[in-house]
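Next come two complexes built around chain A: one with chain B, the other with chain C.
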Partner chain A sequence: MARQRAQRAKAAEAPRETFKSMSPSEFFYHYKEIAGFDNPTKALYQAVRELVENALDATDVHGIFPDIFVSIEAVDREESFYRITVEDNGIGIPPNNVPSAFGRVFFSSKYKLRQARGRFGLGAKAVIIYAQATTGRPIEVYTAPIGSRRVYYFKLKIDIQRNEPLVLARGEFENPSGWHGTRVSITIKGDWSRARHRIYTYFQRTAIAAPYANIVFVDPDGNVVVYRRTLNKLPPKPREVKPHPHGVDAEMLKQLISRSNAKTMLEFMVETFQGVGKKTAEAFLEYAGIPKDLDPHRLSERDIVRLVSKMREFRKFRPPSADALSPLGPEVIETGLRSILKPEFVVAVTRRPKVYEGHPFIVEVGIAYGGEIPPQEEPMLLRYANKIPLLYDERADVAWKVLHSFDWKTYMVTFPAPIAVLTHIASTKVPYKAAGKESVAEAPEIEQELRNALREAARKLREYLLKKKREEEAKRRIVTFMKYTPEVAKSLAVILKSYGVKESDIREMLLTAMKKRLGLPEEEFAKLVEGLEVSVEE
Partner chain B sequence: MAESYIDQADKEARKRALEVFRQRFREVLEQIRRGENPFLMLPKRTLSNTIYDERRKLLLLGPEKLKRSFFDLHEAKKFMQTLLMARIIFEALERDEYPTIRDLYYRGKHTIVYREPGGRRHEENTWDEQRESDAVIRDIEVLTGLLREEMLILSKEKGKVVGDMRIRSGGDVIDLSKMGHGAYAIEPTPDLIEFLDVNAEYVLVVEKDAVFQQLHRIKYWRQHKAILITSAGQPDRATRRFVRRLNEELGLPVYILTDADPYGWYIYSVFKIGSITLSYESERLATPQARFIGVSMTDIFGDPKSGKKPYLTEQERRNYIIKAKDADIKRAYELMNYLWFQTPKWKREIEIFLDKKAKLEIEALTSKGLRFLADKYLPEKIETGDWIE
Partner chain C sequence: MARQRAQRAKAAEAPRETFKSMSPSEFFYHYKEIAGFDNPTKALYQAVRELVENALDATDVHGIFPDIFVSIEAVDREESFYRITVEDNGIGIPPNNVPSAFGRVFFSSKYKLRQARGRFGLGAKAVIIYAQATTGRPIEVYTAPIGSRRVYYFKLKIDIQRNEPLVLARGEFENPSGWHGTRVSITIKGDWSRARHRIYTYFQRTAIAAPYANIVFVDPDGNVVVYRRTLNKLPPKPREVKPHPHGVDAEMLKQLISRSNAKTMLEFMVETFQGVGKKTAEAFLEYAGIPKDLDPHRLSERDIVRLVSKMREFRKFRPPSADALSPLGPEVIETGLRSILKPEFVVAVTRRPKVYEGHPFIVEVGIAYGGEIPPQEEPMLLRYANKIPLLYDERADVAWKVLHSFDWKTYMVTFPAPIAVLTHIASTKVPYKAAGKESVAEAPEIEQELRNALREAARKLREYLLKKKREEEAKRRIVTFMKYTPEVAKSLAVILKSYGVKESDIREMLLTAMKKRLGLPEEEFAKLVEGLEVSVEE
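Presenting the complex of A and B:
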């Protein structure tokens, strides 16, 4: 009895927890740094970035030459409130989707196997949540889908606890000029003076990877920067693809099955996955020991797990299609690097698609050398993933690792050197280290490709440097011989004057002999001596 | 007319030199005319190309040649410098001038101003230091086979001579026995000196000027029928050439008196077989017959092997001997490698030196007594043949 009492008393004293759930909005409201909104400096930069990336996704992904306008205005200097406005000429947003697109965390049109800058369905909402937390002001959106006769207007906030949009106002206007695109404005607390450098760098890097875009940026001090289109060509449009059998896990397979109307496993395999024809499907099912006319919906949990591992093992699926990818291409990279960094030499390499965890990826590397690039102790690294410039956490990035274990000397680069290296990883699944999209993890496949691409580009750089060195050597020789020619000619003329030789004749003869000696074609010689002047002060 | 003051011997020398220059550089012009890379062939002036001729006992320039081409990045400047120096010397010869090597340095020091094809302006001197132009003069000497004296280039006078002897220089007759307390400075062009008459039996060369003066004051040269010379340290070319002529043309034996240390020995060796840096002139400057009269190690310590008694007492040795420095020891080891120091007597000298690690200056002997040096030491050694060859 006594023992029972004691036990009861103990239970009454035992610590009791209370439980509740948290909505996705609430989560990011509490953990802003996960989305990149650590402080007013980073937040201002991150907000600009999220909105600009949405604008670019609405244009080049869909074959539209981007025209992007961005402004940051100081609306309250004392409180450090800044209004950010981003306008694009993209595909717009269907009006019925606007509230969710901006009012519901994890609502996106980009949850598909198609390369885009956006991935998580979070960016715009993270900006709004941060605005609500710091200024309490709503977002304003004007949008018109392509062909829309009206422009739609929304003013909204997010009901953070319920992760739902709170539309404060909406409107519609005539669209006589047939404008399409989106314009969003939002006011947040920021630190312009600290974020300034980073934001400018961001625009510069964005422009490098998008020389086919017009980008105008007006900063809070009224400065206007214009990046004009320098290339009239867009990268290939990415196309949505079906998943690859190597890219699914048990959970995903379960979802795919439940969404499928297929009656047999054979049908299911052919309809659901990319690059799987009837033959391949039959061969695989036989390999996996699954009857081809089995109804996929009857697979047990254990069957599904086994199926996934068999799919991973099976080597005869076609490699993942790269249709979903949109690499920049050498022309875009070279044009971008050339117009922004003004180097003397650029080269870019786009590797062939490779596979990483069932997803295709393409690595690209560009090298810019000399010109206006200042010599530095290590290469200036311009990292991109799915066309987004990555600015923070450089040292945590796989590209940094590759660059720093690279044997530059083999390629005639010795530091300090005026060199910039651009790396781009394009994939339907970029292994970002965090939702802020600042660095890429060290996947061995990606690392290897980066190294290959860098080698390929560096070889071209070396060819260039070799040629340049040869030219410089020729020039050095010419300068050396030419500068001593006057003394030599004069001396011979003095000593041999009794033979009647003239100094000018000797000079001429020396020049002829020199050209013969150097073995350079006439024009090249002329080019190298152009502007060379020599005089002697006795 | 100014012409008439110019010595006939000088005139002849100039004419000869000018012609050599013309011949030599005509080849270069021909190369250029043929569109070739113009070059000069020079004997190499390096230690590796310095050889000791055992038969003639001379240090000579070896057979190695150096091709100095104009259109060669590393040779172009040297080539230009060589031609420039040739021209300045040529002009001086034509104008009856007697430049010093310093004059030549200044005359040829020009600034080349050039603007590179990228627009940058540079300045470069034809040469910066006299060291550079001096080296080019040596190149011209080996290239033309003319010594600087033959090109009427002057250098500082360092050597002095007194003795019962008359010479003609620049048209004047000079009596070397009538120099008072002074002495005749051996001119930079000793080949233009004419020996008139001599009343002497040998030549005594003293390394130290101070000892020379002391011996001169007591008229050592008259009493012992000697031509007394000092090189005042390392001998210059004129002194060496003058000594050589006395030996060769007048048949006078030459005795050399230096400090008892490796540096003294090397001075002797320069007189006798030539110097490494100027080996190309040995044939005209060296005196292979020259004898090292002292001060030798055996003079100081005696030699139990040969039974020779020392000139110094135990007490004197203690007073005068100086402890050899590391540099002396090092130099002694270097000398051991030279073929001409590998005779038994020299080996013995070096051996004693390395054993005792002691050196001695000539002045020690005058301290013991000027008369000792003049009346005992020198005459006795010459008489008994106590010298090293």
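Presenting the complex of A and C:
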């Protein structure tokens, strides 16, 4: 006690801090909101989402039509423990990588310049950490790479303080059917009744962006929902690309140089960057005032910073390749919107690739209008990034900002209106605001492209609305005209009888005159007249 | 080439992925938006903020009145390189901890159950990583712990791939003046013209919440702004506390048991948790059906999960201690709001400590009304969490939600109104949505407390507005009355002349009658009449 008192007095005299280190697992264990696991409701949704997105990344990215099975079972209703199972028909995971892929935060196959849903190397691990915190149960994994004669089984946890996998059991089975893919099961605390709506919305939105997938979902109440494949075409496969000179910073350039075997700057430029041929490299090095036969390993820190700055300035590099990207395409978007929202009109726009901070990106916008969409005070916004739907934090998203500063009136839309807008940002790097991937930050280039895409789509909507309005007006005019046609024809017939003109001919003439007046093509006119009931007395 | 082709064919046959590990430094280097470094504008603001918050955490938390000096210099206008310097008079950093404190992501003195501005062990490192990416320059640190006879100097970078400090230079100097504190300088790419407004707002808001601090800021244009101490009182020092039984999950309980030397469950409960005495521990163990002399190390995983669930159910634990918290208090809030916003009315409420998921928290709300606050369509919202102002992502914040679903009319506020609302959440764990610390997630308990606090403050505002309205009405009545008083008095005087009643007496009588009718106390009445210019003809 005396010692304690003395210590306390000393501490009061000169307060010092004790320092501690945390593993990345521990960090996300303590700050689970950052990974999107705020509470049992959000966690159930986030867990489903992370596992489904891994499943999709194992399939369409590699040219496989996804067949995804998802179930949530209530294993302990009193404690609100739910077992989530997700199975895909993807490329599987090599067995030697399984422990780290599930047991080590910041370990991933997706740290590449190639578009994927996941990017952080965090999702599945965050689910496991949350499971350990709430139910204490391990994850179970069955996996078989393509062509594997065996199916591999693992039961594992994460040693959170060490950020290392703890394999509790493993096994191997024959694979006579040649199955490939991954099946994971994990039990977490959740709140199904609150998460229900969000999870169903998630599946619906996922189905809109992946009409080429079959998704089966069995919920804890035993309901089975099937999102059936409605499109037999996959989006283009994204390819891994080299970095673009405009996307490089001082730190990356230093790393690239230290990893390179190039003997000269010319060689280095050509080998390291995408779209840089010998000529471009020479032109650039001259512009930057760097001798082309300089050994890149001899650049000083200051040279490197200058080089980066020159690289950003130089305007003659080819624009970043879009090979790494996989946009949805208008067909996918229109099919998706049509089959889920059942609108009367739908249009989609895929913009050409652009660049922010050296990262290529493509913006896509779809608009669905009328039909079964209920009129609302603001447009229904369906946000996507790299094909995944974003449901939370809408108001913090750049797309929300663009939609809400958009001049809808110019495009003949006045609210309340039955309108839904889909936005999709495809990029090798989506600037998410948080690791939970719910909203996209305001990169000026992305904002501008969203605005351009929205305008382009809205112009087509306006054309449609204009045509619709014109048709309605024409219809009104025809109805008015038609009302009098029989009488006019009759009167004229009486006068022209002596000339042998038939009443039916007169009516025909009148219609032709009207058609000319309305200036509509034959086909459209026929469509308009078709529905009209005009009783003409013969 | 032939080999490459063969390889490609094989890969097409069975696509496999290559896996890679990332260090935490690398993660935040690649995803800098997650730490709040989205672009040069945001980065300049975020860097200032992280360094200032570290400076404040080194002072007031330890009972020192903060003297903070901040400067931003343009060191290369063409490249937009800015040098940020922040100096504090805090407790300093022990020299052996300096390299890791600045060179290792997830290394901190703040991983404790005690309120602090920082919590992640990330802020300063994120600044350094951003500096390396943009300017390639190291951080320079001067520090002296309290009572240190030397000042220590370090120049360092981070080995991003290894998440380790790279010390480039170090030194020691005599410290004859007995200085203590820390001074850091770092050069990053920024955008001062765009960040300017945000940074000034940040200082203003910081000054509101820390009127007991002196803050001097020299901006790149040479302007010097001084936020002078206006309150000579520090908020209570937060103390480190033991975990509360309601805040423990399965993973944490497992760790607590493995670290404990307790031989029995009774011992374990009493030693490990806050506010659990022998009696409470015995009552709880009986409730949970666990023998009190059981060795805690013999609990199975399943037992641990059950124990957690029982701990959460048990209602007889003392509520979490608020010792770890340091609310601002009404005096700080009112002084801060008054000195910066210059309103006509101000009120602040500090609620009693509450708990979410076992973490104690205190909600505070201040309302400033009228004066120099311009009328706006919605209340101006000043959000704080653990004393730091939150400026971005307002619409994603729980406080915004509460404010915007609040029934202001009930409290006599109709918009546009000249009203500002300050919200402060103090907790050992603020559920931030992202590591950039800009918005707070929607924990139901916090939301409820915000609503309660807002109601409590708004009730006082209503009282004030009611009184003001009453006074205005009274004033109007007085004015009306006063207008006629001289005439009435004169007429009466004529009639009453024969009785020797003087006109002035009559006026006096009339005023007394009015005073009685209005039912106002003498003082208030005097105040009301005072300003009125009523020309009474004598």
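Everything that follows uses one rule, which is that the second predicted complex is superposed on the first by the 460 of 538 C-alpha atoms of A that agree within 3 Å, B and C clash if a C-alpha of one lies under 4 Å from a C-alpha of the other, contacts with A are read in each partner's own complex, and residues count from 1 in each chain.
Here, a residue touches a chain if its C-beta (ideal position, glycine included) is under 8 Å from a C-beta of that chain, and two chains touch if they have at least 3 such contacts.
These figures come from a predicted structure and were not determined experimentally.
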Which of the two, chain B or chain C, is in touch with more residues of chain A?
C
Who does A:Phe106 touch here: chain B (first), chain C (second), both, or neither?
second
With the two complexes superposed on chain A, say which partner A:Val305 touches: chain B (first), chain C (second), both, or neither.
second
Taking the superposition on A as described, I'd like to know which of chain B and chain C A:Pro431 touches: first, second, both or neither.
second
Partner chain(s) touched by A:Glu33 [first = chain B, second = chain C, both, neither]
second
Under the stated touch criterion, which partner chain does A:Ala288 make contact with: chain B (first), chain C (second), both, or neither?
neither
Which partner does A:Gly136 reach: the first (chain B), the second (chain C), both, or neither?
second
Considering only touches as defined above, state whether A:Leu391 meets chain B (first), chain C (second), both or neither.
neither
After lining up the shared chain so the two structures overlap, which partner does A:Ser491 touch, if you call chain B first and chain C second: first, second, both or neither?
first
Chain A residues within the chain B interface of the complex:
475-477, 479-484, 486-488, 490-492, 494-496, 498-499, 501, 506, 509-510, 512-514, 516-518, 528-538
Touching residues (chain side chain B, partner chain A) in the complex:
21-22, 25-26, 28-29, 32-33, 35-38, 70-71, 73, 76-77, 79-80, 83-84, 86-87, 90-91, 110-119, 124, 126
Using the touch definition from the top, list the residues of chain C that touch chain A in their complex.
13-24, 26-27, 29-31, 33-34, 38-39, 62-63, 79, 91, 93-94, 97, 100-101, 104, 106-111, 119-121, 129, 132-137, 145-147, 160-161, 249-252, 254-255, 301-302, 304-305, 309, 393, 395-396, 429, 431-436, 439, 441-444
